[in-house]
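Right, I'll just put the structure down here and ask away after.
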Amino acid sequence: DRFDWLSVTFLLGAVLLCYYLVPLLSLIVSQPPGVVLERLRAPEVVSAATTSVTAAVTSTAIATVFGLPLAYWLARVDGRMKTVVTALVILPLVLPPIVSGMVLLTVVGPNTLLGEAAADSGIPLTRSLVGVVLAQTFVASPFVVVTAKTAFEGVDRRLEYASQSLGKSRLTTFRRVTLPLAWSGILAGITLAFARAIGEFGATIMLAYYPRTMPVQIWISFSTLGLENAFPVAAILVGIAIATLVVLN
Amino acid sequence: MLELTALSKTYDGFEFGPVDLTVGEEVLSVLGPSGSGKTTLLSLITGTTEPDSGSITLDGRPLDRRSLQERRAGLVFQDGALFPHMTARENISYAATDPDRVTELASLLEITDILDRRPPTLSGGEQQRVALARTLAADPDTLLLDEPLSSLDAPIRRRLRGELHTLFESLTIPIIYVTHDQRTATALGDRMAIFRDGTIAQRGPPSRVLTRPETRFVAQFTGTENLFEGTIVTASEEDTTVRIGDRTVRASATDSAGSTVTVCIHPSRVSLSLEDSETRPESENILPGTVDQWLNEGADYRVDVDIDGAPITIIATIQPAVFDRLAIDTGSPIHVSVPPSAIHLISRQ
Amino acid sequence: DRFDWLSVTFLLGAVLLCYYLVPLLSLIVSQPPGVVLERLRAPEVVSAATTSVTAAVTSTAIATVFGLPLAYWLARVDGRMKTVVTALVILPLVLPPIVSGMVLLTVVGPNTLLGEAAADSGIPLTRSLVGVVLAQTFVASPFVVVTAKTAFEGVDRRLEYASQSLGKSRLTTFRRVTLPLAWSGILAGITLAFARAIGEFGATIMLAYYPRTMPVQIWISFSTLGLENAFPVAAILVGIAIATLVVLN
Amino acid sequence: MLELTALSKTYDGFEFGPVDLTVGEEVLSVLGPSGSGKTTLLSLITGTTEPDSGSITLDGRPLDRRSLQERRAGLVFQDGALFPHMTARENISYAATDPDRVTELASLLEITDILDRRPPTLSGGEQQRVALARTLAADPDTLLLDEPLSSLDAPIRRRLRGELHTLFESLTIPIIYVTHDQRTATALGDRMAIFRDGTIAQRGPPSRVLTRPETRFVAQFTGTENLFEGTIVTASEEDTTVRIGDRTVRASATDSAGSTVTVCIHPSRVSLSLEDSETRPESENILPGTVDQWLNEGADYRVDVDIDGAPITIIATIQPAVFDRLAIDTGSPIHVSVPPSAIHLISRQ
């Protein structure tokens, strides 16, 4: 009885692992790397990559600057307030990306107050790099907040008390005790946010069909020219995903 | 001078205070069972917890609503709470304003050789020395210690306790030493406060608290295991006669009112002998009995004696040499003697 | 100095919170609930909701059955093996959904060995409900594994040892000690996986443009008829997201 | 009968064993500093850790590579490790095959009143009673206890220790009791094993291990704080004369070879007196000295005496009554006396 159960367990887990692994191997096998590498220099690939990286770096930076203080506050507060704010931070994570794009459009869309005002000042909030950044920030920044919150919670509060009792200010304590100890967790959050931002598709396609990010470029290549034409951009994104995994360890 | 006035704090299900307490340039050891409010007391002074009411002043400065940074109250945590990403030296110099102070403290606390190691590689005793050096490096106006020896092995604990005793004598600030170990509390404290359920059950010099407990709780918690219900028969200015069951014992004069009392005898104050003919002047209370059981506890033996003609069992702790001489065994007859000065009476309400 | 820093912190966090909250409120305000409720009965809305719920329930069930054993194994194993397998589980989380769809197409697409064989047996793996389930399972199942792994790790191993030392089998120990203690965490993982599955857009649109799930329906309504026409379906998805938050607490 | 043969296990940075150990129907108390391998010993027997080599048999059954379930080795954890989602009753009946056994054990361990409460609402002592009942409910072939009293307050610990002593006498299985508290180890163990760095430093009846330590480490760890380097002057069948500095003391006959020895005297075996004219027959070693310092430790006083004409300090623990009678104070002259039978010699390599 015990033996059977262990075997079945092992088998079920292994099936799931194969389901993650096989498609990835299949992608690598199905296309000769030479051909893919050659097409990486195509102008639409370079343009999409530039747009994606610029937007993702910007939105990750915004997420970090605005998210870390929120994460620290959430880690050190208690009670009802914490529950409500945490729920609000998780909301963009459980909201479908396409819906995230929709709700953003109701605020920054071309026919809204804010959208019109911005467009008049020459900074259109949709169909622009700003639009991409807005979409990516909404969807990706919760990763910084949630992961950094956990990292801050992992720093023994008594160490902060000890530092303050030794006559150090809160800022010094944060800079020299809390931040160094939470750093690896925070880095993980930033990495996850970057990965999420650069892979964002649903919200981006709603806010900014142009300029094309890599995921949008894949969709267009696939739907107009077929699967093969999407491979070069996909190769870059798979590379970034694997680099993310390396950083996360 | 550290002064606490009517300090109180209510958590869910636990009430601390109101506590009034003054600590001068002395060591106050705070003793009590877990959950009696010892750690809450320290949190209120350092500022990690705000009181519901009452006030704290340190050398005349009110500490209420001040930040931790401004209080200058140095706290040594149970496990040291060293910064794990810094070496021992970095931990200490983090707190010190003068680099020479690090060298000085390291030599005082005998940690010069381990200054370049990180906390996780240090033994428990070494971590506590570094933590102490770090706290002292900030020149605090009061020193608070939260069971710093409780996680150490016996020989290191004994050694560090002796060193703390010497160190404390050289400091001229109020020191509060929290512990649940009566031995350490007695050895280190100039005064002692026994906590129970968030309030102070008794305070005073350790020798007085130990020999003259004011309640059953204090008696039991400080190791007075022999507690019997008795009735006062006669009381004069010289002595008191108390009846326990069918037996009568003579105690020193007492100020306890009422006729029913709790008779307290510390096991280390009970002597055992084979004959009742011994005529040491102070041994007036000689009770015949039978050994019920005995336990070798290493440094001493613990002997339970059933007293003849009274439904009571007296526990005595005696030294190994005496145990060997008396050839004690279960069932053997023995005489218990208790000097009147070792019998303490608590009046019952 | 200290006061300024605290204020700035508070401000930055508050700005980010507003960025999460305002668009959602805007969505609710911008459309009269009565109109939205009325359009909920439209045949294309009902059809999309049925497809989405059926597929999401199926893929969440698959994720649970296959994912829990893997999560338990990961929680109780140590060393290099754990690192590698954990990385493989996180991969679908950091891979852009549109790329996930692509890699799946290289295995189950209409021109692949597997895809053709299945289509010949009358079970097409793309442009079918099966395709939706395949896409959702790939993208959502890691949430079950990762969250349940953390929940299992939170169960003191000594409790399992105690149970086994009392003469109980591993299966009994798991059923009566581990599972009850990890249950709330596992439920959170299942909830997250369901939310992710029902909101899936990138991978689904690659594998199954038809039958239309709710996110795909939103995209089609938006791109062919305009933003207003996407509201009824979005309302359902927002409701599900909020229900998810409630369960997570 | 529990038999361990050449058992060894290497972790990163820690080597356990090889350990050979036999435990019959008795209580073996295992004593040692933290990190000496006490807990590893229990893990190897229960099966949570597999040994690198060696074997374990219980009543003749080999336990090697058997699952935890099949070993029938009952373990009581330090904090009880009760199932938090079950009541006390459910915890016990989880292990019991017969429902009557739950009632029986609850009454034996005096937990009948708390059976319907959940572990987090129980006190530390109650949790340990329930944990013990749960372990016994499974009728184990051996009982292993990992410091079950270490997190309890002194009065409860003392009481539970007495109850464990009675309980252990009623059990007819091998019992291993792991602790770092020498007092508990001595009180509960029929035999004692002292662990150091993963191996057994000494084993034997507690009274023998305490009075006849074989190494400096064992002497120090069991509280023999007076350790001096000496030279044997004469050795006969009756006694041995040893020189320490300028002083000579007489010890009982010894089998220690070599002329350089470590002289061990337990502080509780040292007596203090005001005159050297006292002529108790066994007190042949009377050394004049001066009180260096003293510490009130509650149940006894600890007095450091500098011996005149020898660079040594002897520590004595004396009972309060004696301390009061001698009117001891720092700097006052005093005589130290040590019976020859209390002087133990360890030969140095």
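Should a chain be cited, it is by its letter among A, B, C and D, assigned in written order, with residues numbered from 1 in that chain.
Assume contacts are C-beta pairs under 8 Å (C-beta built on N, C-alpha and C of every residue); 3 or more make two chains touch, one makes a residue touch a chain.
What you see is a predicted model, and the numbers here were worked out from it, not measured in a lab.
Student: Using CA atom averages as chain centres, what separation in Å is found between subunit A and subunit D?
Tutor: 58
Student: Return the distance between the CA-based centres of subunit A and subunit C, expressed in whole Å.
Tutor: Distance between chain centres, rounded to whole Å: 16 Å.
Student: Which residues of subunit D are in contact with two or more other chains?
Tutor: none
Student: Going through subunit C residue by residue, note those that touch at least 2 other chains and give them in order.
Tutor: 169-170
Student: Classify the inter-chain contact topology: is it line, ring, star, complete, or other?
Tutor: ring
Student: Quick one: which chain pairs are touching?
Tutor: Inter-chain contacts occur between A-B, A-C, B-D, C-D.
Student: Quick one: which bits of subunit C touch subunit D in the complex? Just the residue numbers, please.
Tutor: Listed in rising order, the residues of subunit C that touch subunit D are 156, 158-159, 161-170, 176-177, 180-181.
Student: So in the complex, which bits of subunit A are touching subunit C?
Tutor: Residues of subunit A touching subunit C: 1-2, 5-6, 8-10, 12-13, 15-17, 19-24, 26-27, 30, 65-67, 69-70, 72-73, 83, 85, 87-92, 94-100, 102-107, 109, 137-138, 141-142, 145, 169-171, 192, 195-196, 198-202, 205-206, 214-215, 218-219, 222, 227, 230-231, 234, 237-238, 241-242, 244-245, 248-249.
Student: For subunit D, which residues count as touching subunit B in their complex?
Tutor: 33-34, 124, 153-155, 158, 162, 165, 180-183, 185-187, 206-207, 210-211, 220-223, 225, 266-269, 271, 295-300, 302, 317, 319-321, 339, 342
Student: Hey, which residues of subunit D end up touching subunit C in the complex?
Tutor: 46-48, 67-69, 71-75, 77, 81, 83-85, 94-95, 134-135, 137-138, 140
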